[in-house]
Each structure stands twice: as C-alpha cells, then as structure tokens.
Amino acid sequence: MIVNESMKVVSHRLLARNIYELVLEGELVKEISAPGQFVHVKVGSGIDPLLRRPISIAEHNQKEKKMSLIYRAEGKGTMQLSLVGAGGRVDVLGPLGNGFDVQQGEGRKALLIGGGIGVPPLYGLSKSLRNNGWEVKHVLGFQEEAVSFYEDKFRELGPTHIATVDGSLGRKGFVTDVIENESIQYDQFFACGPNPMLKALQDRLSGNGFLSLEERMGCGIGACFACVCHLADDPEGTDYVKVCSDGPVFPVGVVAL
Amino acid sequence: MTRLQIELPGLSLKNPIMPASGCFGFGREYSQFYDLSELGAIMIKATTEHPRFGNPTPRVAETNAGMLNAIGLQNPGLVSVMEKELPWLSQFDVPIIANVAGSQMEDYVHVAREISKVPNVHALELNISCPNVKTGGIAFGTIPEVAMELTRKVKAVSEVPLYVKLSPNVSNIVEMAKAVELGGADGLTMINTLLGMRLDLKTGRPILANKTGGLSGPAIKPVAIRMIYEVSQAVDLPIIGMGGVESAEDVIEYFHAGASAVAVGTANFVDPFICKKIIHELPALLDELNVDHISQLTGRSWRKHEQAVYRP
Amino acid sequence: MTRLQIELPGLSLKNPIMPASGCFGFGREYSQFYDLSELGAIMIKATTEHPRFGNPTPRVAETNAGMLNAIGLQNPGLVSVMEKELPWLSQFDVPIIANVAGSQMEDYVHVAREISKVPNVHALELNISCPNVKTGGIAFGTIPEVAMELTRKVKAVSEVPLYVKLSPNVSNIVEMAKAVELGGADGLTMINTLLGMRLDLKTGRPILANKTGGLSGPAIKPVAIRMIYEVSQAVDLPIIGMGGVESAEDVIEYFHAGASAVAVGTANFVDPFICKKIIHELPALLDELNVDHISQLTGRSWRKHEQAVYRP
Amino acid sequence: MIVNESMKVVSHRLLARNIYELVLEGELVKEISAPGQFVHVKVGSGIDPLLRRPISIAEHNQKEKKMSLIYRAEGKGTMQLSLVGAGGRVDVLGPLGNGFDVQQGEGRKALLIGGGIGVPPLYGLSKSLRNNGWEVKHVLGFQEEAVSFYEDKFRELGPTHIATVDGSLGRKGFVTDVIENESIQYDQFFACGPNPMLKALQDRLSGNGFLSLEERMGCGIGACFACVCHLADDPEGTDYVKVCSDGPVFPVGVVAL
C-alpha cells in the first residue's frame, strides 16, 4: 500500500561532496516490498518547490521501521532537503513502483552495476540478494572520488570495482570499461544509473538483467503520463510502460532506451 | 453535506470538487487513496478516437509555483476508454465528465457521439485548448468562429450536456466564451494551461522534448480568477473553474469569481488526498464565512448586492 | 567587463541588465543603494502627456510567486519628467529608455516627440501593453493593425530608436511582433504583465481597487520565455526580455530564449540591490558555462548549430 | 541610511493570541532616527512569500543595537515569520519612512492612540516623548482581551485606557468612545491604527496631531507608487504623498483618508 507520511529524520549526514544520506523512520517502511522501490519526497510545506522529488530507497529495515535515502543536493528541492536536521520531519509518499525481483539464487552470481546517484538502491538490493543466497559483485561508476560513497559498505558484501571518469578513484573510465576489461562473469545483472549508461548496458551486456530507469515525474503513481517509455519491440507504437508505476525496474530489453 | 450539493446541466454533484482532466488518469491510481465516490465528479483524461502515445519525454518541468507539461494527449483511445476505463469507473457513485479531444472536427464529433452514450458519462468537456497538440488545436481554441462551429457540431451529436474548456492563451476570453455559448454549450470549464517554456541553464535547450508546454499550478491562479470574473458576468453558462487550486480557500475564491464548481489539477500530484481533504474542509470554512450553501458565493466578487439565493 | 557589453539600436550597454519600467521610479530611490552608472540602462516609469494620479489604492496584491499591480500609470507628466527627472538622471553615466504611454495616438506622438529630444534618452519604449488603463490601451496592445499604425506614427517623430513593449495577453504574440516590426520598430521589449486578479476570502471582493491588475514576478517567467523563443525566431529585431528575472541564471535563460538584454522588475522590490548583484554575478556564470561573451548565448535554444559569433 | 541586513534574532515570543514580539540585533538599528519608522521584512529566502512585509519598529536601543517588532501572525508571511527561532536570522530592509517628530515638550501633554497592531510603534514613541519631557497618556484599542498586549508596559510610562470591541478588557467600544467619554486633555495627539480609526480621529479630534498610516506596499522605499494617498486639500488631484517614504507618519489633515 502506498502511504503518505510525515517521517521522522533519524540522521542526516554528508557522505561525499553534495551527497547526503538521510535516514527516516516511520510506518511507511512496513509497506516496502522490494529493493529498488522509491519514494516521492515533498520538500518544505509550501509551493517552492512545488513538486515532489523521486528518490530511491537505498536500504530499509522493517523491524526498526527505518529506511535510508542517498541523494545528491543539486537543484532547488534537494538543496532545501539537505537543510532538514535530525528530529525534523519529511513528507514522504511511498513506497512507489516495483523494485527488483529478488528470487532465491543459491550460488548464482549477481553483477550489480551502478552509476552516480543510481548507486544507492543497489546497496539494499545487494544485501537482499546475499540474504537470498546469491554471490554479489559490484561495479560502481562515479564522476570522481570526491562524489563517491559507500565503497566500503559494498566491499563488505562482495567484490567491488570502482570506475571514475577522471581516474581519481579505481579505474579511469566508465562501468562498461571495467566490465569488459575484467571480463566479469555473472548469471544475472542489475543496473541503475543515468539512461545513457543503461542504454550501453542493454546494448552490450549479454544475459538476463534488470535495469532501473529514471524519468522526470509528475504524480509518481501512474496517473499523469509524464514518465512513459516506448517498448523496445515497438519503439514507434502506442504501447508504453510508466517508469513510476510499472517500473522503475524493468527486465533488460523491454524498454526502448 | 447538502450545503455543498450543486446542480449543473447533466451533473448532480454531491459537492463541487472534482479532479481536472489529465491530472487523475482514469481514476485507478487515486482509488488506492480514497473512495472515488466521495468526489463531486471526475474529469477523465482526454480521449481521442485512436490510441495516442503523446510526446517524447521529458514531458514535465517544474517552474516557479507551477509546472509545465507536454503530455500530448496520451490515451488508450475511444474503444479502450469505453470498454475498460468507464465500466471500471461505474463501480463508483460519481458522475464522469469525459474530456474529448481530436485534431479535426470529425474526430471530436465521433468521440463525442460514442462516449456520450456510456451511462456513467454525465457530461462532455470539449478540449479545444490543449496547447500541446499541433494540428488544428490552436485554431479551435483561439478563433471564436471555429470554436462556435465545433461546439455546434459536437452539441448536435452529444447525448449529454456539453461543457467547453477554454484556453487562456487568447486576447479576449469573453469573446471566446460568447462564441461557444452561441454554439450551444451548456457550460464552460476554464482555464486550461498557459503556454510556457523552460530552458536548461547549461545546454540552453528546452527541458521539454516538445519544447513548449502548458503551465499549470498556483502560478496561474490570478489569471484564471480574472478570466472567470470576466466571463461569468458576460455569459449565462455555469463555469467549472480551475487553475492552481490547492485548498478550500482557493475553492471559495473561484466561487467568488463566478465559478459554480471547481476542478483540482496539479495539486493531486503534490498531495494525492487533496480533493478529499478540500471536500472535508469546506463545511467548516463555510461556517467561518457565515454561509449556508456554497452556491451562494458564486459571483460574489461582482454581484451588486448580496442577493439571497438558492436554499436546497 | 567587456564580455557583458552589448550594442543595440541607440543603446551602448556596459552590461545587458536594466531595471524595468515602473519598478524603479526615476531612479532616485535606488540611487541610495548603489551607483546607477553601474546599470546597463534604466527604463523609467511610464510618462504621459499630463500628470496622472493613477488608480485608487490598494494597488498591489501578492500572489503565488508573483504580484498584481494596478498603479495606473501614475507619473508627474511630460514636463516634469523632462525638467526634473531626466536632468537629475543625467549625473549618471547610463542611457535612459523612456517608457511612453497615453490614451490616444496623439498623446503617444506628443510625448515621444518631446521626450526623445532629451540628451540622456537613448531610446523609447512604447508602452502599448499596460493592462491597467481602460481607454484605448487594449486595442493598442492586442490588435496588430492598431499597434503597427501607432508604431509608425511614433517612429516618425522620435529622434531615438523605438522599442515596442508587447503585451502577453494575446492569442498570437508573433503576429503582434511582426506588426510592430512592419511599423518600423527598432526593437522589442517583452513581456508586460499578464492580466490577473485576486479576491478577498472574507468579503469576496477584489483586493485591488481597480479590480484587475497586471501579474509580474517569477510566476510569469515560463510565459515570457516561450514568447521570446517564438518571437526571436520570427522577427529581425533585438529583444529586451523581462518577466520574473531574479538571478544571473534567469538572465542566461532569457538570452537562450532569444533576448539580447534583460530587464528586472518586481525583484527590485524584494532586493533593492538585485540589478547590481546580477551584474556582478554574470562573469563567473559565463566562466562556468564556458562562454566568452554573453551575446553568444542569444537564441541558443533554437539555433541549429553552435554558431561562432561576436567577439568584441 | 537604509540598509539591508540579515539580523540576528535575540528573542521571539508570543505576547497574546497570534501576537508576537521579535527582538532583532544588528547594525541597522544605528540608522533608526525616530519612533514610528518601519522595516520591510523578507520572510524565508525563496519566492513564497514573494514580497517583503512592512512592520513598525516598536522600540529600539541604539547602544545594544537591538530593536523589537510586534506583529500579528495572520497571513502567509507573518505566519512563516513566527516560526523563526532565537539565534536565527531575519532579512530586514530599513529603517524606512519618516517617523514621529518628537520635539522637546517640557510639561506638554501627549495623547497616544493606538488600535490593534497599530499599538506597537506607540510604545517606542511614548518612551521617546517621556525622555523629551512630555507627559504621556495612552488610549489603546483591541478586538478583545486575548489579543491585547503591553498594557503594563504602557502603564509604566503614563495613564493608560483600554477599549475592546467586546468589552473583555477595559471599556467596551472604540478608542474614540474612550477619548470622548473621559474628555482627555492633550496638547498634541499621536495615532496609529487601521485607516477607519485614523479617519474618525482626523474628523473628530481637535488640535495638533500626527497619524501613522497603513497601505499595501510593493517596494517600501518610494519607487513603485503602490502606496500613494491623495492630499486632503485636493482629494481628486494629481498631487500625492507616498506612505512608505513620505510617511508613514503625517500631520493630521494632510492626507485624504
């Protein structure tokens, strides 16, 4: 069930340059059903900014009723969000969308590929996969070291490769370079990041995979048709999926990127 | 709740609050949040003869106290709306206002004729004002003679009363209203979005793939209020007002301006419970204003004396 | 600072930032805050032949991200502006753009002829778009033939280049722009305010004594950007853009849309230092955007290729 | 000189229902030249609300660089202002306008008349008059007891009569009722309050007096022509005064009310 709750800020800290980790507590957490779901956050109580901001759930803990969001403070809304202190409240609508389908995977190999602010939901996903018996490997891409985060936390879960555009951390280049150069083996891949990255993965990686998409949103719940995508097998047609309610996660090859 | 009840052509409304077309889909999503039977009516997403995908994305962009959209009338087409969406909606005790769109007069006429036969469709809303569709759209909404002609043709085939949705992107809104009144409209809905645009700071390019889009939200309320104020004094048609409504207070402002009911668009995206909340807040606000029935407020901004009106 | 320098008909601007007419009086008040010579130009308050008191108060009302005004062209009249205000302004090294208004063509012609003779008046801004004056005003700003005729008459008598200020309250802004181009305008300024209204919750009456007023401020920026985007592609006149400008980023958006200079109105009321601040922030923003000269950005939203232009 | 300063909130407390006292500290205080001047306050840093709010300076202390404002939290801006806590900052433009002209007045009798949120500037004025040798009396009108404030503080300075519309405090009725019924004697009167009250005083009180006017404002500094008034001796003419820069205080009889 989707709920609208004024959630309590448990902690709020700077992880890297302009990158914040926000831990929230509330009943909404009980409704989270899969990693990769997101929430729609209203910043402030007025009309500035007007719209909610979609942010992925990075990790959640049903028992403690806590979840964490990791976001980049860049525009008007996220900058304002970054000013909310511990003990404050944040208006959250969620959980939204369908997350990653994490099946039992005894001994199977998962490759998690994240780019920039697409990295956060992979953390919860990775934990979840591990709990379901998968072996996990991560390839994370960042612009530069200064905006990278959670490297250690990912390493605790499995082998982790980092790529940065400027080479300041890990390998210089893109996630695709790492995957190809290291010829990483996997049974299934899971990716979240900017659409050009996802397109490259969809075009170049073999095998089963899931992609988590990003699109500008209005309602976040499937009503406004802001976030539709054409289907890969009919890129000019009238069939579509909505990123907010049919996604944001889709099996590779479904959506025209 | 009888103090919120409103009778309009074709529409017996429990209360004057309804979601605006395009901001509530066909109701399915919002039915997760509350019982749609609580609404005065539902204005469904524009329906065209054939399914439409609409414009490429990005289709929305935020602006100061508003948003731009260029959805481009995406909808599953007349057949699907009649066979799937409207029957699904019939489980709720709420009149449907079907928003009808097209690129040519014949399209409108066809959709209107068919969709007006569906039992839970109690009125049509003729969308001559969508700023995001190139073909014909502009002429329909900005040239009085064309709007009158289209209204007449659609009215001739519709089995239910016809409301015409006016575009604010005109030099003279009163002239447009009079034209569609002459054309046989039973009511007006106003306003649709203002044509606007936003550019990316870094690339300089439009944020919307469609380049321009329709501006909605709190930013446009003063324009809508002014237009309803002008039009309600010049024509004899009831007006369903919209544009930036976010609260019970906004609803009252629309009544004062001359509206007889109010639609809520963009605000649904910010707060999915907003229509229900407003409906629940209105009675206390009427108490505060010392008003028995909300319809007493219609046109209070321009009425000479406080006239005693309507006691249900 | 040469990267901000702009040459427009009649105007040699140190930088493209100027206060918009009616939002800066005749400069006296703002001269308390900074040296007016820092400005690109000053658009002074509308001047009419005779002194005008304007409309009754209240004359302003706040709206969502905007404000309504119905000042009604209050000004001390041509003689006083020529004998007191303009000579006072001549102490500053800044070109003046005189905003000319009237109720009849002859009024405009008279004021334009006289005021254009004053040495520090480098250009006229023909105000055919004030929404707060009843007589004639509407026709001048919304009927292309009338606007063209007025432009031609004023151009014939003006000793300095003529910019025509367009009203956004029209169905077809491009048609208006083309008409005044044909009439001989040397440039355009756009946009004036959108006609709007606000009603009091309790009394139901308009907050402005004049009932309706002109909407300005951040709320209207998307409409202005869209209009400049359309017009700049359709005419060969330079455009001074305005509407909700509050920051250096907003200025860049106007250039991208097609403006060659930018005026700041309402924001002066919020921050009296705003024009100066924007001027000082622009160079760093140009660095960030990797642009040598601000004029390279004009029309970038619609230019096919990144063209190499203008190096001063 | 008019300055724009982000002033520090020294204290901020509720005085009566919806009535707040806000004490601010900063260099701006040095520029205050007379009681009755006002400041233009920007609430929040964004566009909601957009415009500044004019608030009278209730009292100021040059040495401590402190001034207090007393305001009613009613609309969007003042409600938001009321949430700023001690230690926070408020963006203030001022001092604005010309205040009351407080001349030496050895033994002369001043009558100060305030209505509702017109009462605050009279407090600073009263202190100032006392310091200049005047005898002060106050007649203060409020809607009801629940929104009355500063009664004791005024009593410390001189005899104080209260009128409330509902009779819940002092005499039932308007300030004009009190003045007439008590036949209060004075050499000069000073008034601030809603325009209908000022109009009644201008029409009915004899002798010299000063009125502090209220008008909706744009710029607050004289540039936008939002706040102009006709003159009493030419109510239809083109002559005018601006409340923000020529006022808000005018000698009785100057302005057409």
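Just so it is clear, A, B, C and D label the chains in written order, and each chain counts residues from 1 on its own.
By definition in this document, contacts are C-beta pairs under 8 Å (C-beta built on N, C-alpha and C of every residue); 3 or more make two chains touch, one makes a residue touch a chain.
Per UniProt, the chains are A, D = Dihydroorotate dehydrogenase B (NAD(+)), electron transfer subunit; B, C = Dihydroorotate dehydrogenase.
Every value quoted in this text rests on a predicted model; they were computed, and no experiment measured them.
Q: Out of A-C and A-B, which chain pair has the most contact pairs?
A: More C-beta contacts join the chains of A-B.
Q: I'd like to verify one number: the distance from the centre of chain B to the centre of chain D, where each centre is the average of its C-alpha atoms, in whole angstrom.
A: That gives a centre separation of 46 Å.
Q: Roughly how far is chain A from chain B, centre to centre by C-alpha average, rounded to an integer in Å?
A: Each chain's C-alpha centroid was found; their separation is 36 Å.
Q: So how far apart, in whole Å, are chain B and chain C when each is placed at the average of its C-alpha atoms?
A: Those two chain centres are 34 Å apart.
Q: So which bits of chain A are touching at least two other chains?
A: Within chain A, the residues that touch at least two other chains are 47-48.
Q: Provide the list of chain C residues touching at least two other chains, using ranges where the numbers run on.
A: 63-66, 218
Q: Indicate which of the five shapes (line, ring, star, complete, other) describes how the chains touch one another.
A: Shape of the chain contacts: complete, all pairs touching.
Q: Which of the residues in chain B come into contact with chain A in the complex?
A: 22-25, 28-30, 32-33, 45, 50-54, 57-62, 64-67, 69, 71, 74, 76-77, 217-218, 246, 266, 268-273
Q: For the complex, which residues does chain B have touching chain D?
A: Going through chain B, the ones touching chain D are 64-65.
Q: Considering the complex alone, what residue numbers of chain C touch chain B?
A: 63-66, 68, 142, 169-172, 194-199, 201-202, 204-206, 211-212, 215, 218-223, 225-226, 229, 244, 249, 252-253, 256-257, 289, 297, 300-301
Q: Along chain A, where are the residues that touch chain C in the complex?
A: 47-48
Q: Name, in rising order, each residue of chain D that touches chain C in their complex.
A: It comes out as residues 1-2, 4, 42, 47-52, 76, 93, 215-230, 237-238, 240, 245.
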